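Lettered A, B, C, D and E in written order, each chain numbered from 1.
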Amino acid sequence: MNEAASVVWVISLPLLGALLATVWRQYAATIGWVSSALTAGCAVWLLWVVQRAGVQELALGGWEIGLGISLYADGLAAVMVLMSSLVVLGCSVYARHYFRAQRQHELFWPLWLLLATALNALFLAGDLFNVYVTLELLGISASALTALGAKRAALRAALRYLVVGLLGSMLYLMAITLLYAAYGTLNAVQIAEALQVDPLGWAALLLMLAGLALKMALFPLHFWLPPAHSNAPAPVSAALSALVVKAAFYLVVRLWFEVFAPLTTPLLANALGALGAMAVLWGSWSALRAERLKLLAAYSSVAQLGYLVMFFPLLAVLEGEARQWLFGAMVLFALSHAFAKSALFLAAGILLQYAGHDRIRELSGTTQALPLTTFVIALAGIALVGLPPSGAFLGKWYLLDAAFKTGQWWWVLVLVAGSLLATAYVFRLLGHAFGHLPAVKRPVVAATQEIPALALALLATFGLGLGAMSLWSWLAHTGTGAGL
Amino acid sequence: MNELLNVLTEALGKNLPLWIVLSSFSVGLVIFFVQESSHRLRTTLNLLAAVVKLALVGVLLWGVYHGQVYEVRWVIAPNLELLLHADALSMLFVTLSALLWLVTTVYAIGYLEHSPHRSRFFGFFSLCVSATVGLALAGNLVTFVMFYEFLTLATYPLVAHKGSDEARKAARLYLAYTFTGGLLLLVAVVWLKSIAGPLTFVQGGILDTLPAETHSALRWIFLLMIVGLGVKAALVPLHGWLPKAMVAPAPVSALLHAVAVVKAGAFGIVRVVYDVYGVEFADVLGVLVPLGIVAAFTIVYGSTLALFQDELKKRLAYSTVSQVSYIVLGTAILGPLATVGGIVHLVHQGLMKITLFFAAGNYAETLGIHRVSQMNGVGKRMPLTTLAFTLGALGMIGIPPMAGFISKWYLGLGALEAGVLLWVMPVLIASSLLNAAYFLPILYRAWFLPADSWPDEHIQAQRWETHGMLLWPPVITASLALLAGLFASLPFSPLEWAQLITAREYK
Amino acid sequence: MVGLSAINPQFLYVCAGIFLFAIGLWGTWLHAHYVRKIISLNVMGAGVFLTLIAVAYRGEHLPPDPVPHALVLTGIVVAVSATALALVIIRRLEDATDE
Amino acid sequence: MILDALSVLLLLLGLFFFVSGLLGLWRFPDTFARLHALTKADNLGLGLVMTGLLFQVPDVLWAIKFILVWLLALVASAVNAHLIAVFLHRQQEGHDESA
Amino acid sequence: MNLLDGLWGVLDLLLVAVLLLLAMAAVLSSDRRRSMMLFIVFGLVLALVWARLHAPDIALAEAAIGAGLGGALLMATLRRDTHQQTDQFPQHPVVLWGVGVLVMVLGTAIAWGLFSVLPTVEQTWRKGAAVDAQLAFSGVSHPVTAVLLNFRAWDTLLELAVLLAAIFGIRALGYVRSAYVTEVAFSQLAVWLVPLLILMAGYVLWAGAHSPGGAFQAGALLAGAGILLRLAGYSHAGLPTTRWLVRLGLVAGTGVFLLVGLGLLGWGQGFLHYPIAYAKWWILLIEMLATVSIGMTLTLAFMGGIPQKEAA
């Protein structure tokens, strides 16, 4: 089995799992978490392969790059695949006991594994049209999962999410038409080499950014995210916030730094950064005012994505080693948010299951009764605010450092305001844990539900907070101009 | 004895500081999961951790005294590393916190006899101490900031421990203040790092070699740092959270206001002035004088407000606000003697203030009295506690032979030496008078007035006036304060150690 | 621009495709009811596909470029599956509101 | 050459019937009459067009397919017309009692 | 000759005019049912346009899937929609025109981008040259099928997965209640038409190798047959009654495609890298099962999930 096979297996395993889970529906849960465990193992193998043998470019079907489709696994892609498979594994172990209705349980797993397939396929796609198909698969399976509960609010949120996803994909597809008309190929690397700075390039970039901003819920286009992420079942909203939104962000990073590198001027980067800043402020402010815990987590996703986008104006100006560190810090921030947000949503699911509601004001009794879940929420809160032992802290550190080095000091103000608001909404949550209500007797919450949430939270804080150094060495194997 | 210690130092190797931090951190995590009902297990774990830490600190002290280098380095990101390094200044603070943590643990076990959520309390309690020790042993500003924020996180649940609305509101206020401070400090450190590169603490400072045009930025950074650290050091405009945090249980307010939080701020300011900027360069920048003015104003302001507080713990809180600023004043005056005065007061104030808080806790716990007005004739009912209180109070006022006198004496000498006598002396005198004004009436009331009835007296006087674990800690700390005063010239005394530090600070 | 003696079909159909894309985008954005949004989305999709096939068109006598044809085929299937899901959700929403 | 002429003639005839069907659709008062016009005229028109094209067809297989197309169209339009008529009839009857 | 070109030009103009008018009407009309009808007609005219642009495969697919099945789905959705039928544009006219201008700007940007490239690109490379060069090795002679099932096989596999995701989503939304009232004439038509449709599907599938056709169009025809049965009152629309057989059918297409790919990978050839000699048979196998899956999926999609009666 040569190295390149790892790229194929990491995508095919969840797809195979999805198919098996459909046919043998009574074993759906076991097939589900076994295939996600195998995929996680495969992701580690892929990362090891990329680390040792460098960038893997696999031309599928043996056809040369321009004609056939190529899978492209470099440092960044391998890290994102590892991130997505770890979160999927955590949520799968969590989901085994989450669904009460047997029917809902069986229908969850095929869609869930298709979502995992779509994510891995998207991270490893080297062909722009292939990215379109994976984006669609992602959008449809995600909205189908959101509608799983068949409650009216969930259905409406899922419908809006599906329509928004389709709109984004159509914009993206028009951009592909332009690029194909001009360069006759769909392979990202070939287009990157052939791209000239001309009206077509600008139109394609504009369309792709608009489409992906819609899917990424960047500030003015974020209206669909809070209802979708707060009405979906807990493991689904964990995956939505942590991974699906991140996939669109990953594409923007790929396109911005690799394909459209000559077109991305600092001015455009600043515009994007401004949108990010508004997302941070608006998202944190609405999270502070949110009534329900899952709504708070959804708004905080909008804010955290704003932070991620704020790296762009600084990356546009920096050069050489400092730029490589900042790029690594951006990826670290994305990873830390993914693990922390999924832990928060899983914990919120436990609270919801236990208390029947997730209205923050009436949660103190529950938080008293579930100390471990509250501890998970605290850890996730630390990572979301960006306090020291977390990956987000390092991300923010490098963001601040770059802001001072390049003299763009206004990003510092946004960061300070964002962090303060974040503290406010996280500790508004945790304040209830010290409420004076009599402690209810110890409830029976399945350990398999609390353990994955705790593991993800620990990964976001201590894992990435202290062990992040290896991430930069992994990213050293990034492809052509992705930030290096 | 000598060989045994050498063997021990080799055995533990050079990452001894890491073991010290981890010892209480790991025990803290374990205690979280201890069942609420198993008292014995929790008490043994606590005491074991405290004793082990004290022993390790002793070994460290011996090693540092013999010039052995202890350094633990952990690279967390490109050109960003955690560094634990035991130098003379950190040894002072580590020893103080380890010692007082042991005493406070004993006191806390006695104090929280029948209250709920004790596993949670002692868990966060040991996390808080590990944060303080980590902060003390930090080798560069990055590590300092990380432990500084970690301290905020660890102390927030302690302040909110009681769970009453008042406690949660006080905790929220505390968090608002300290987190904003922490954030400003973080921004300042990153800004400084972008200008000056790696910020490892070097005795005598590292910024004097920087070009002239960065000086204005350095002033701004200094201001931000002082505000960031000032929140915890309770400098005047930023001290709002301290009196309100008195709602926390007595061991918390004792530990927070004598050892952990407040001292962290003061220690931070000392580190920034001496080991980052360098006191000569700071003077050249002209930032020391405003710092001195703020410190002086805090001293006077704290003492005057303490006068009007009827609640005993609030009065002690305001006295802390003023006492901590002595340290800042000592740092602000350019001169070795003032520095010695400032640094030694770091230890003395810790010993004295913790005694006062222990005593206040005893009164509240045994006789159920919280107000000064209720303290008539308390001396007769609880002679030993009140004696300890008296020693502490006299020390605060600065009457020889107590430790407080020495630090004020050195501050005075330092001011004379630096020629700033004109505005420092009146401040010292005024504050001593004010101290007397708010402490002496309490002593008079306790010893000379007839005791009126104490309606809710909890613990009847059997063999001792109160619960054993509540009585002996204040007595121990009071005697330590007395010894620190009497035997100031002994080799291992705080004064000697402060002089050792100052000698290295001034080039 | 190439001399437009006879209206060059590629130019005409590309313009048509872009116009359909525009009208579809406009409809999706502004319509309130989701059935109308989906119809506009399909019109927008048809616009994109028409542009793609117009680009692939190479005059009367040359065979057209097969790659865009495959892309559009895939696009149509994907569009119809998304439309099907959306319409069933709408149907389920209608039932939910009835009960 | 004759074949081409014949085809053109038949196509024109077919066109004539389509136009008449269109006129019928436009002018006739009620739906039943319109149904009548449409099915009759268009089927015949389609038949004529189909025969016209038969002459252009390269081989027999194509011819069979053309005829198949016409037959299918016939059957489909007949059944559709019937269904619409039944529905309309039931709806009109239904006016007195609820449908 | 220019008379013929002129005629083509007129036809193009006519087609485009009708197409755009239908699109405008479908989007702008206030009555929801009229807009749906117009959309179906728009689909049919679009099929004509594809035929005009030398894209027979897409014409087939558009007629069968886009207009046919899409239309059927729309009608099924609006069948019980008893609420008020009109959709006025609620927004303020400024918003309407504002968005209109924005969209126009985007359109002109695209047009400007495209037309700055299109005329010049003709000379640089002949698009599709790569496909023609490798066509001989792809195992099928029809270029579009070659691209779909060999060169870009991975896209098609994921696209089948997309269909799967859609049908899983639909199944997850619960059961379907009302069947359709049976109409004698219609069921007679069904009796004749369904076998013909199945035969046609087989033919289209086979023809796909050398002329326009293939899995998707054949699948759509099968779905047509299924819908016909459903409308004729058979609540099961010809699908097997045992539940797991239906699930196996749904999964068959993607499953075989993936297993063949992985098998070839395991065998040393490489993922989806058919041995040239047997490529034709592998492709045919995959296409057959894909047709069955697509047919089942689209029928179930029209039904909106699993029929109620024996779904217990």
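What to note about this one:
Simple rule for what comes next: a residue touches a chain if its C-beta (ideal position, glycine included) is under 8 Å from a C-beta of that chain, and two chains touch if they have at least 3 such contacts.
To keep track of the chains, here are their UniProt names: A = Multisubunit sodium/proton antiporter, MrpD subunit; B = Multicomponent Na+:H+ antiporter subunit D; C = Multisubunit sodium/proton antiporter, MrpC subunit; D = Multisubunit sodium/proton antiporter, MrpG subunit.
Keep in mind it's a predicted model, so treat the numbers as computed, not measured.
Number of steps on the shortest path from chain B to chain C, with steps defined by chain touch: 2. Graph distance from chain C to chain E, where chains that touch are one step apart, equals 1. Nearest to the overall CA centre, using the mean of each chain's CA atoms, is chain A. With centres computed as the average of Cα coordinates, no chain lies farther from chain D than B. Looking at contacts between chains, the pair that accounts for the most C-beta pairs is C-E. Rounded to whole angstrom units, the spacing between the C-alpha centres of chain D and chain E is 27. Annotation: 31 Å between the Cα-based centres of chain A and chain E. Each chain gets one centre point, the mean of its Cα atoms, and the points for chain B and chain E are 74 Å apart. Annotation for chain C: residues 21, 24-25, 51, 55, 67, 71, 74, 78-79, 81-82, 85, 89-90, 92 touch two or more other chains.
Contact with two or more other chains is made by no residue of chain D.
In chain A, the residues touching two or more other chains are 129, 133, 136, 140, 143-144, 147, 150, 155, 174, 181. Chains touching one another form the pairs A-B, A-C, A-E, C-E, D-E.
Of all the residues in chain B, the ones that touch chain A in their complex are 32, 74-80, 82, 116, 120, 145-147, 149-150, 153, 156-157, 160-165, 167-168, 171-172, 175, 179-180, 183-184, 186-187, 190-191, 193-195. Interface of chain E with chain D (complex): residues 183, 185-186, 189, 192-193, 196.
Per the touch definition, chain D reaches chain E in the complex via residues 72, 75-76, 79, 82-83, 86.
Across the interface of their complex, chain E is touched by residues 5, 8, 12, 15-16, 18-19, 22-23, 25, 58, 60-64, 66-69, 71, 104, 107-108, 110-111, 114, 117-118, 121, 129-130, 133-134, 136-137, 140-141, 143-145, 147-148, 150, 155, 174, 178, 181-182, 184, 198-204, 206-207 of chain A. Taken together, the chain C residues at the contact with chain E in this complex read 1-2, 6-7, 9-16, 18-27, 29-33, 35-36, 39-40, 42-43, 46, 49-51, 53-58, 60, 63-67, 69-74, 76-85, 87-92, 94.
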